[in-house]
Amino acid sequence: MQLRYVFTELGQGLRRNLSMHVAVVLTLFVSLTLVGAGVLLRDQAGLVEEKFGNEFEIAVTLCRDNDRSNPACAAEADQAQIDAIQEVVDASPEVESSRFETKEEGFEKLKKFYDADYLEGPNAAITADDMPQQIWVTLKDPQRYEGIVSSVQGLDGVAAINDQREAAEPMFETINTLRDGSLLVALILVVAALLLVANTIRLAAFARRKEIGIMRLVGASTIYITLPFLLEALVIAAISVVLAGGALAALIQFGIQGRLADSLEFIPWITWSDSVTAAIVVGVTGPLLTLLPTLLLTRKYIKV
Amino acid sequence: MIRFEKVTKSYPGTGSPALDQVSVDIEKGEFVFLVGTSGSGKSTALRLVLREARPTTGRVYVAGKEINRLASWKVPRLRRQIGTVFQDFRLLQNKTVSENVAFALQVIGRSRTDIRNLVPETLEMVGLDGKGDRMPDELSGGEQQRVAIARAFVNRPMILIADEPTGNLDPTTSVGIMKLLDRINRTGTTVVMATHDHGIVDQMRKRVVELDHGRVVRDQAQGVYGFQH
Amino acid sequence: MQLRYVFTELGQGLRRNLSMHVAVVLTLFVSLTLVGAGVLLRDQAGLVEEKFGNEFEIAVTLCRDNDRSNPACAAEADQAQIDAIQEVVDASPEVESSRFETKEEGFEKLKKFYDADYLEGPNAAITADDMPQQIWVTLKDPQRYEGIVSSVQGLDGVAAINDQREAAEPMFETINTLRDGSLLVALILVVAALLLVANTIRLAAFARRKEIGIMRLVGASTIYITLPFLLEALVIAAISVVLAGGALAALIQFGIQGRLADSLEFIPWITWSDSVTAAIVVGVTGPLLTLLPTLLLTRKYIKV
Amino acid sequence: MIRFEKVTKSYPGTGSPALDQVSVDIEKGEFVFLVGTSGSGKSTALRLVLREARPTTGRVYVAGKEINRLASWKVPRLRRQIGTVFQDFRLLQNKTVSENVAFALQVIGRSRTDIRNLVPETLEMVGLDGKGDRMPDELSGGEQQRVAIARAFVNRPMILIADEPTGNLDPTTSVGIMKLLDRINRTGTTVVMATHDHGIVDQMRKRVVELDHGRVVRDQAQGVYGFQH
């Protein structure tokens, strides 16, 4: 097969309707970038959930002596109460595991996070004795916690149930909202891109109708006739994918690693190694979005 | 080479069929005129040979194959065996004469060596020696039609189909084109030509098939245009 | 002027190239939405800065008695030290105003934010006496604070300088990143939309070349000839603006008021009344983006 | 009514000018044939009257105004006083005969009452009575040209310009068209018609202006086509 003709045609085709091609590339570029961003945000949410979701335990705070903050608490929770609570916790189908934390363990943890100076010596503001006993419950599914909370709540000796997941809620909210927004906008632009590719092909077929007519007459094979169109679609897709890839790389490099990862250190941020899925999705979606309408429409505009 | 067996062709949404129970047999190497008034079905018959259209009923054979049953990916191969010439030349205005002829070979994937040999050879044969680098709009109508014939013939097809090839040309020029088609016919190529042109048909004395409202009303060896049967 | 013809033409024009028009509308819709979102985020950043920026005071925490956390502190800061610090603060050109907070005031504030039960009665964990005295400094420009920090740091009686602005940094980072992202993507899509509008007009002028030729011959005025094009551009803009307006309204209603405002209560979120600027920007940008190329290009394609 | 004063028109990028120092004066109510070989500048002269083109040097006056100095927003008003007819009819295929004629009035903003009166009146005048609801492709060439003339004349222009109006028509049909143009001329409309058609020019015996390579080589009252000066 004489490929020189095909490539000449390809070049002419790309030049002939340049402004339209640029518009298609830009639209496709943005929609692919947003698709990629959506995938990255999904991975990001996964990372956050992996870290915090595992640590997201529910802490059952037990009653302390002299704890006036809770009317249910008369005195320090005794062993019988603790056993009863532990039994309920272990019986719950939502619970993966549980762990009892003594006053001393709680105090040690506190000292890790806060300035030890306040907590030591004869004048310390808080001593181990001021800490409540706690039962730390790890859930099987971070989303399913109502059962355990309602069955433990109100048991004798339970002062409060601290659901740490609330703290991470805004983080998840933000990431998921952004992900949904990206994918929604991407979807709209994908529709626009599909329509534009279709129009580009219609225009290209119209501009080349004479050549196509002659090719059909002299017996050029269908694949040979459609090849310039397919290559045009592929070139558009390739440029868009490269641009989207660059934009996503910039996002990871400058947006996340260079900016957010510094200022929001406590969150595990996605790195290059996490961007493989996004790269694959973008690299497959791009060509699909241009080749599919091209294959469908060249059949329509170029009958054998 | 070409056989129509009770071929009827109705275009959707039109009343009477464009071709009505047409049976014609054209042997290898024949030269056949297809005559008839405007709308009698000449172009339709030629389109059926090229499988540009399919018969509504009946069968069309080209080179022994029923072409309605040809898989559509085999249609290009059929068309490579048929050269086609039209009234309006259908040349690419942005290509030179040589490039126009070479185009027909390029797009069916012929090698560059073949193209280098065949194109000048064919241009010489149609009498356009030395005009290979001209653009179509620098040529007269007759010369443009010669380019079209060169393009149709460059792949040495078994059949040459010409739909009113002299329709846009003056009588003198037309005679030159007819001589060229006759020469091509003498190389063994079957030529089928639809025409309105009395003078030419009368002069050539070849087989004439006359259509009227889609029906064959005459099929005569060495006929004339206006013969009243 | 016979407007019936113009409207018939408009209807035909819109139908004739429907897929292209839909693509233009979608692209324009998304880019206008992002422009609007960019404006809203700018307003949001403004709101956050207004609240936190004004309250972003630097708290100079003074020494307490028995404060082992700070080697600079030997005892409670005395009046002489306080006066000296106050003088330095008031002399700083970066300082707008300052306010002295007594132990009691600090304790009252603490009680507002935290459960009062822990802080009252004979067994309270913390009493007013445990609180440090503080000088709250309001800056003229929240970005300029190095001078005052360095001049106060190290003065006798100063335990620590708490710069609250750090807490709001991630918030600003996030909002500003989103704003820049929105506007950047919007810009790319605006370019795409302009090119698409130009192509649509080219196609429309081509499809109507016969009518236009006759109109010119019989002496139709230029405005009459271009009117269908201008109306087409306006309709495209109007649809896009309405869609973008709807999307932004949905963003405010469901995204912000219905979601973020609930989960991130401490941030002042934009409300309907803050969306006027965005509405104006979108409402002006949309028609501009379609009318401008139309006016320019009808001149090119439809010479008198 | 129309005056050319030493008008030269060179198209950019071409060698010799299409019109070369042409001076012609056409009075109100005259009927003038513009003849000359292909490329002699007939269409160019007509385009200058319409201000479709502007003279390179010289002046063109229409109804006493130098139209090169007309502000471009006044050009439509000029064209409303000039009806135009072409060889290729230029009808809108998707509109009926009546709609085609009405179109010319609609787009210059004439009232619906005017349109209701003028269109049937004009169709009757050109001999298309009762064919208002036909589509152009249902009409013969001659009838289509009558529609085009009706469209050109429906606004009662002072000038009617016809560029080879009979170029696509057979001789009999052409005579009918010429009679119609003559009738329009008798209403006081100045008619300028470019033509190749010997027969017509010889028959009508009107003023003939002959162009050759852009120069006026003859200007003769009651001339003939082939008159050798």
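Going in written order, the chains are labelled A, B, C and D, and every chain counts its residues from 1.
FYI, a contact is a pair of C-beta atoms (placed from the backbone, for glycine too) under 8 Å apart; a residue touches a chain by one contact, two chains touch by 3 or more.
The UniProt protein names, listed by chain, are A, C = Cell division protein FtsX; B, D = Cell division ATP-binding protein FtsE.
Since the model is a prediction, treat every value here as computed from it, not as a measurement.
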item	value
Of all other chains, the one whose Cα centre sits farthest from subunit B	C
Centre distance in Å when subunit B and subunit C are each reduced to the mean of their C-alpha atoms	71
Distance between chain centroids, defined by C-alpha means - subunit A, subunit B (Å)	64
Centroid distance [mean C-alpha coordinates] between subunit D and subunit B, Å	41
Multi-chain contact sites of subunit B, meaning residues that touch two or more partners	none
Contact graph of the chains (line, ring, star, complete, other)	line
Pairs of chains in contact (touch as defined earlier), listed by label	A-B, A-C, C-D
Subunit C residues touching subunit A - in the complex, by the definition given at the top	19-20, 22-23, 26-27, 29-30, 33-34, 66, 68-69, 115, 117-118, 121, 123, 125-126, 130, 169-170, 173-174, 177-178, 181, 185, 188-189, 191-193, 195-196, 198-199, 203, 255, 259-260, 263-264
Of all residues in subunit B, those that touch subunit A in their complex	50, 72-73, 75-82, 84, 90, 92, 103-104, 106-112, 151-152, 155
Of all residues in subunit A, those that touch subunit B in their complex	1-2, 4-5, 210-211, 213-222, 224-225, 304
